Each structure stands twice: as structure tokens, then as C-alpha cells.
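Once you scroll down, you'll see the structures, which are given as C-alpha cells.
Next come two complexes built around chain A: one with chain B, the other with chain C.
== the complex of A and B ==
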């Protein structure tokens, strides 16, 4: 009982997620700045931003839905925080795994995007409505390629739980080479899920102020930003668990390997963010459905063929 | 573009960490004005040509032609027109640019 509380609150629970989320946000912003020949923020900047937002007044617009306004940031943080219970961190075991938890993880990861949509919609403001509609359109674009790209490795590994997939690929590392197209699709799709360049259409600052979060300020905005940071850890851990097959028997080395894997994925995401400009929403939907989805289907075919051959 | 972006990670950033590091300014930088009292003849061409009426010339001696210049740093555009117009080269622009003050009255300085 006490151990469960320790897991939920300290590691890998809320404290670990908050601290590591802020650390990854710092890493992402520092890398993004260095790629552009700038200096970048100091290491405590994301924490300072969070404390500043918590200290500011949270203004709720007159015509907005008060209950939804206050409750939605907590929904977003709660949904992404629960996902970490099913992802392997110190090896190939996660805290509570069961067969089929890949589906649960993907379902829980859809919830934050829907909260962003409802947040923008219930704000009853013009810019927020446009941002909310764009968030949902973008969800429609990247969700199917992301699901299909995670489906391929699951078929080859003969398991529907993330820890099972991680264990299979750790035992047969060469099989992970067959998943390279899926890895590419997954990296591009999670760039869309995290709403970063080139897919930051919902948060297009020069066009629609702040998208769905236009009317949010103070502690509500602080928790939405914290939800986005934790989402970054969680999707990076998911992609690392499914596609990158390194592991270790000892807990300490396992945690170090996990940190290296997630930092590597955040490095790739920051590189993509620095290289690309923002694309339009219809270009994004076209790209995801005409290029990413067929590539993910190809990945599934490759995995089925390899499974039948072996 | 990857060949431009990725090596930037290993180079020194282009940012000058002002105010810890003072930046270098170019040779003919237009900063705060400097007045040479010995050269001024009191023609007040600088006052007429100034687009924002920032410089004022006062005679400080009844008997001799000695003048003083007072410039309002908040009005001055640092365009250099007075320096170009002065027939005796009594005005010169220095490289000083850190001229911010807390109240407007202290920006009216003798030069």
C-alpha cells in the first residue's frame, strides 16, 4: 500500500513526471535555441515560468463556461499522468501491465487533445474557437497513422501490452530493424500530437493569438502547459519502449538507458522543430493521409510477412 | 538546411551577453553628442537644422563670443544632421549609447 503511494506520488508518479517534464522542456528549448545560434534559457526557466503562471490571476471570461474552464486543465494533467503507469521505465516491466494496455495508453493519450478542443470551444472566443477546430482536425490527421505505426510492432511481437512489446524486442533486437518505417511515422505523428512545428497549426501565434488557450491565464494555463510537458515525456517513452530495443537487468542502468532513449527522441523532435516551418491545416491532413498512413500500412505488411516467415 | 542547422549546435552562439559583455560598435557610430566650445561661433545652424529641436545654443558671456550647448537626449534622433551642418566642426558624435534615465528632466544635459 505504501509502496503504491510511493509509486503514484514520487516515482514514476507525479513528482518524477513534473520534474522530468520541466527538464525535457528545458532541453527542448535549449536545443532549439542552439540550433538557431542563440544562447537559450537557463536550466530553471520552465520551473520559473510555471511558478509565474501559478502566481498570476486566472481571469475567466464572462461568457465562458465556468465549470469547464476550471476543470479541464486538471483533466488534461490527470489523463497524461496515468499513462506512465503502463510504460516500462526501469527495464521492460511497467508498474501495472496487462494484455491490451497499448490500447489503453493510446486512448488516454487522445484525452488531452480533446480537452484542448473543449477548452477552446467553451471559451466562447473567436480565436479560441478557430484554434479548437484546428486541434480536432489535426487529431483526425495524425491519430490513424500513429495507431497503425504502433500496431505493426505489436503484431510482430505477438503482444498487446507495451511491456510485452518492449520485452520481445529486447530479446530479439534484430527484429527492431524491421520497424524503421514505423519509427519514422511515429516520430512525425508525435510531433503532430505535441502540436510542435511543423504541426503547430492550433497554436499559430502569428495567426490566432494562442489558439485554444487564448482566454486561459494564471493557474489554468500553468496546468495546461504542464500537461503538454508531461505529454512529451509520455509519448517519447512510448515510442522509445516500442521502437528502441535497449534494456538492462539492473534497475539503475535501466533507468539511465530510459533517460538516454527519451533524450534521444526529444533531440530528434527539437531538430525537426528547428528545421521546418509551419504548414497549413489542409496540407497537414493531405500529408498524413496520403503519405504517413500508406507508410504505416506498409510497416504492418512488413511485420505480418516477417511473422509468417518465422 | 540540415547542414546549416546541425553544426550550429557545436559553434559558439552569436548572442552578445549584454550587459555582462559590452558590444563593439562600428567606427562611425552615432551616439551622444560632444560639443567643442572653442570652435563654436554661435551661428545656430544646428538649432535650425535639428528635426526635433533637441539642441539649444546659449551665449554665456556678454563680451566674448562663447556659447554653451544644451541637448535633450530624449528628443535627439541621433541623426547627425547638426554634426554635418556645423560650419566649424564644433559638434561630434561619440560612441556612448547607454543613455537611459529614470526621469525626463535629467535627460536635458549640458555638452
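== the complex of A and C ==
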């Protein structure tokens, strides 16, 4: 009981997630700044931003749906935080694993996007509504390639749990080489999920101000930003668990390996973000369905063929 | 047919650097119709010029635009010198040309950054603005200021260019040319940028001519129009340079035109620096200019800048009239926006390199409760403001000034 509470609240639960989320946000911003030949923020900047937003007055627009407006940020944080319980942090075992938790993880990862949509919609503002509609359009574009890219490794590993997949690839590291197309698809799709350039279409600041978060301020905005930070950790952990087969049996080394893997993925994400211009929503949908989805299907085929051959 | 949503883009919006109102009628993500409203930033500079001497006007007109400050003063001072029938020294003409071209370089580099930011490519924005610092430093070295150069004066220029400064300029131009070539490479090969810029904001040759588009906007639609060649001022008739045109008729074409114009500007700067004649900087100019009038066209970085000056024998101009390039290009915006995507609106607006404060002609007063719109005459506005302050407990007439 006590251990469960420790897991949920301290490590790898909400405290670790928020601290590491802010750290990764710092890393992302610093890398982005260095790629752009800027100095970048000091290490405590995300934390300072968060504390400052917490202390600010949260204004709720008159026409907004007040209950939804207040509840949604916490809901988003809660949904993404739960995911970490099903992901392996050190070693290949997650805290609460069962067969089929891959589906639960993907389902829980969809919830923050849905909350962004509802948040924009219930703000009852023009820019927020357009941002909300773009969020949901984008969801339909990247979600299927992301699911399919994770489906391939799962078929090869013959397991529907993230721990099972991780365990299979830690025993057969060479098998992970077959999943490189899926890794590429997953990296691009999570860039869309995290709404970062070139897929920062829902909150394109020069077009629709801040998208779904236009009317948000104060602690509500702070929680949404925290949800995005935590989302970044969990998707990075998920991709690391499925595609990067490096593990250690000792806890200390295991955690270090885990940190290195997530930092590596954040590095790739920051690199993509710095290298590209924002594309239009219809270009995004075209790209996801014409290139990412076929690539993900190719991944599934590769995995099925390997499985049949073995 | 889906329902139309009306989106206000401006007067306050992250895509706009100055207040201006674009009302967009959206059908889904597409712009069905658009409406441009001017008049949030009128400053009455033309009127204020009539109260000031020619030299004072110069410093006022420099504030018309933060980017093309030299364009406005050069156009005005050339017109004033025509009024006074002054022939300024050759060296002064060369220095004016040099500053004018350096200004074009800094304006176009700034534009590249702004355009990149509008399509969410902040890395290019940061890089181009970093390299723009090179030319800003050169301008600061030559004139003492980064933005408001104040190098023109009636009858010549106020500062000389020394030999060591010339070397610095040439060195800086080499750096800039290399960087510009790199940016041309980036813009013409990067997939996401091509996707965002090609076939966006179409303006055909016929429409561009009909709507009287100017500057890079017109040249990107294949309209071969450049005041520097068509109606040479300063020393442009002596300098060899090409007028860049492009038949792309889209935002990508405008990027290419501006980028290649940068390369041409570097050529012009090299020529001017190497062929600068010796001589005086100024000729003696009278304080009172005769009753005469002059119109001058000047190729500012954004297009043709038109200044009209009428003297009346006193030391103040009787009428100063200026038409900034954005004013002429605004007519095209509404045409280019219609039928496009909402996502393309910022880059299409940015593609004319707008400068709304230079453009504003009048303030239109809109009463929100009754929806009435109208304009106020100067005297009525003055009476209105005095009344307004009286009603709020402040009466200017009661103030006694101590002598």
C-alpha cells in the first residue's frame, strides 16, 4: 500500500513527472535556442514560468462553459500521468502491467488531445474554436500512423503489453533493427501529437493566436502546459520502451539508461522542430495518410514476414 | 455551403506588427471574402510638415517609417532640392545611394525573417536577423544610428565616408553575400517552406498591373517596373544593375525576387564604394525655398515611394504629400487573400512587406453602439477633444503659465 502510494506520488508518479517534465521542457527550449543561434533560457526557466502562471489570476471568459473550463486542465494532467504506471522505467517491467496495456496507454494518450479540443470549444472564442477544430483534425491524421507503427513491434514481440514488448526486445536486441521504419513514423507522429513544428498547426501563433488556449490564463494554463510537458515524457518513454532495446537489471543504471533514452528522443524532437516550417492542416493530413500510414503498414508487413520466417 | 465565420485579424493580432484590420469571412479553413480597413495609426505627419521648416521636416519625415527612413527623407529632400533648383555634389549623391542600398539590404533581410516567422520557421528568422546585424552595424558606423540615419540635409549629406569605412563596408558585404546565397539555397530546397510558399497568394500579371502593384510584389508577378531604372534619381543612371523579375506570381516568387535583389544591392554597393568621387559634401542651400513644386519617385525597399513638395517662398513648405508603397500594394491584398487558406493569410499579408503606419491616411471613427462611421475635420476634432477633457474635469484654458 505504502509502496503503491510512493509509486503514484513520488516516483515515477506525479512528483517525478512534473520535475522531469520541466527539465525536459528546459532541455527542449535550450536545444531549440542553440539550434537557432540563441542563448536560450536558464535551467529554472520552465519552473519559474510555471510558478508565475500559478500565481496569476485565472480569467474565465463570460461566455465560456465555466465547469469544463476549470476541470479540463486537471483532467489532462491526470490522464497523461496515469500512463507512466504502465510504462517500464528501470528494467523492462512496468509498475502495473497487464496484457493489453498498450491499448490503454494509447487510449490515455488520446485524452489530452481531446481535452484540448473540448477546452478550445468550451472557451467559446473564435480563435480557440478554430484551434480546437484543427486539433481534432490533426488527431485523425497522426493517430492512425502512430497506432500502426506500434502495432508492428507488438506483433513481432507477440505481446500486447508494453512491458512484454520491452522484455522481448531486450532478449532479442537485433530484432529491433526491423522496427526502424516504425521508429521514424512514431517520431513524426508524436511530433504531431505534441503539436510542435512542423505540426504546430492547432496553436499557430501568427494565425490563430494560441489556438485552443487563447482564452486560458493563470493556473489553468499552467496545468495545461504541465500536461504537455508530461505528455512529452510519456510519449518519449513509450517510444523508448518499444523501439530502443537497451536495458539494465540494476535500478540505478536502469534509470540512467532511461534518462539517456528519453533525452535522445527529445533531442530528435527539438531538431525536427528547429528544422522545419509549419505546414498547413491539409498538407499535414495528406502527408500523414499518403506517407506515414503506408510506411507504418510496411512496418507491419516486415514484422509479419519476420515472424513467419522465424 | 457551410456557414461563414467572421474572423477579425487585427487591429491587434500576433501576425501583424502594426495595427490594421483584416476581416476574414471563413468557410471552413478557406477565406471566402476579406475586407481591409485602414486607419488605426494616422499621425498627421503631412499636416505637421506644414508647420515646420524644411530641415525640421526632414527629421519628422524620417519617422514616417522605421525601416525605410532614408527612402522618405531622400525622396523629400530631392523634391525640396528640385523646388530650390539646387544641384548637390556628386559625392553626396553617391553617399545617399550607398545608404539607400544598405537600407534596402537591411529591409529585405528583415523581411526574410518576418516571412519565415509567419510560416512558423523561427530558425530562419533568428538566423537572418542575426546576419542583419552586420548591415545594421555598418549603418551605425557610417551614420551614428542604426535606424534613423539622419544623413541627408538640404544641399547634401552630413557625414563623409572614409577609406577605412569603405573597407569595412566591402568586408561586411562579402559576409552578407555568402549568407544570402545560403538563404537562397535554404528557401529553394527546403520542402516545408516550398510547400508553404508555392502557389500561395496568387497575383497574375494582369491583376498586378490593374491593381497598380509596386515594388517586389509587382516584379514577382512579372511586371518589369523599377524606378531606379525607369526614372533614375541620384546616380542610378551610372550604376550597372539588373532589375529582378519573376513569373512565379506567388509568395515564393516574391521571396526569390527579394533574395536576388539583395545580391544586386551588394553589386551596387560595391560599385558605389569603389567609384565614389572626391568632392564636397554639401552646397550652400537657402533657408527660404521659392514658390515652386516638385514630385519625386523613389524606389524604396517596398516599392515606389512618392513625395510631392510645394514651396511658397517661405522657409516652410506649403504642402507635403507622400504616398508610401504599402498604400498602393494594399489593394492587392484583398484579391490575394480571397480563396486562400486561413493558414496562408499571415504570409500573404507579410509578402507585400506591409508598413501600415506609413500608409494610414485618416482616422475613421466608428461608434460601437450605433455602428455609425465617419471622419472628423481637424477643427471638429480639436473642439471635440477640448470638450472631452472639459467633461473629464480638465480645462486647458484655465491653466495659467508662469512667465
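Operating definition for what follows: the second predicted complex is superposed on the first by the 310 of 310 C-alpha atoms of A that agree within 3 Å, B and C clash if a C-alpha of one lies under 4 Å from a C-alpha of the other, contacts with A are read in each partner's own complex, and residues count from 1 in each chain.
The rule we apply is simple: a residue touches a chain if its C-beta (ideal position, glycine included) is under 8 Å from a C-beta of that chain, and two chains touch if they have at least 3 such contacts.
This structure is a prediction, so every number in the text was calculated from the model and none was measured.
Undergrad: After the superposition on A, what does A:275 contact: first (chain B), second (chain C), both or neither?
TA: The answer is both, since A:275 touches chain B and chain C.
Undergrad: Once the shared chain is lined up, is A:155 touching chain B (first), chain C (second), both, or neither of them?
TA: Neither partner.
Undergrad: One more residue to check, A:130. First (chain B), second (chain C), both or neither?
TA: So A:130 only meets chain C here.
Undergrad: By residue count, which of the two partners contacts chain A more extensively, chain B or chain C?
TA: Between chain B and chain C, the winner on chain A residue contacts is C.
Undergrad: According to the stated criteria, A:201 is in contact with first (chain B), second (chain C), both, or neither; which is it?
TA: Only chain C is touched by A:201; chain B is not.
Undergrad: Return first, second, both or neither, reflecting whether A:283 touches chain B, chain C, both chains, or no partner chain.
TA: A:283: touches chain C, not chain B.
Undergrad: Looking at the overlay, what does A:37 touch: chain B (first), chain C (second), both, or neither?
TA: both
Undergrad: Once the complexes are superposed, what residues of chain A are shared between the chain B interface and the chain C interface?
TA: Chain A residues touching both partners: 35-38, 274-275.
Undergrad: Considering only the defined contacts, which chain A positions touch chain C in the complex?
TA: 35-38, 126-127, 130, 197-198, 200-201, 204-209, 274-283
Undergrad: Considering the complex alone, what residue numbers of chain B touch chain A?
TA: 1-2, 5-6, 8-9, 11, 13-15, 17
Undergrad: Show which residues of chain C lie in contact with chain A when the two form their complex.
TA: Residues in contact with chain A: 5, 7-8, 13-15, 26, 29, 116-124, 126-127, 130, 190, 192-193, 195-196, 341-346.
Undergrad: Would you pull the chain A residues touching chain B in the complex into a rising list?
TA: Chain A reaches chain B through residues 31, 33-40, 271, 274-275.
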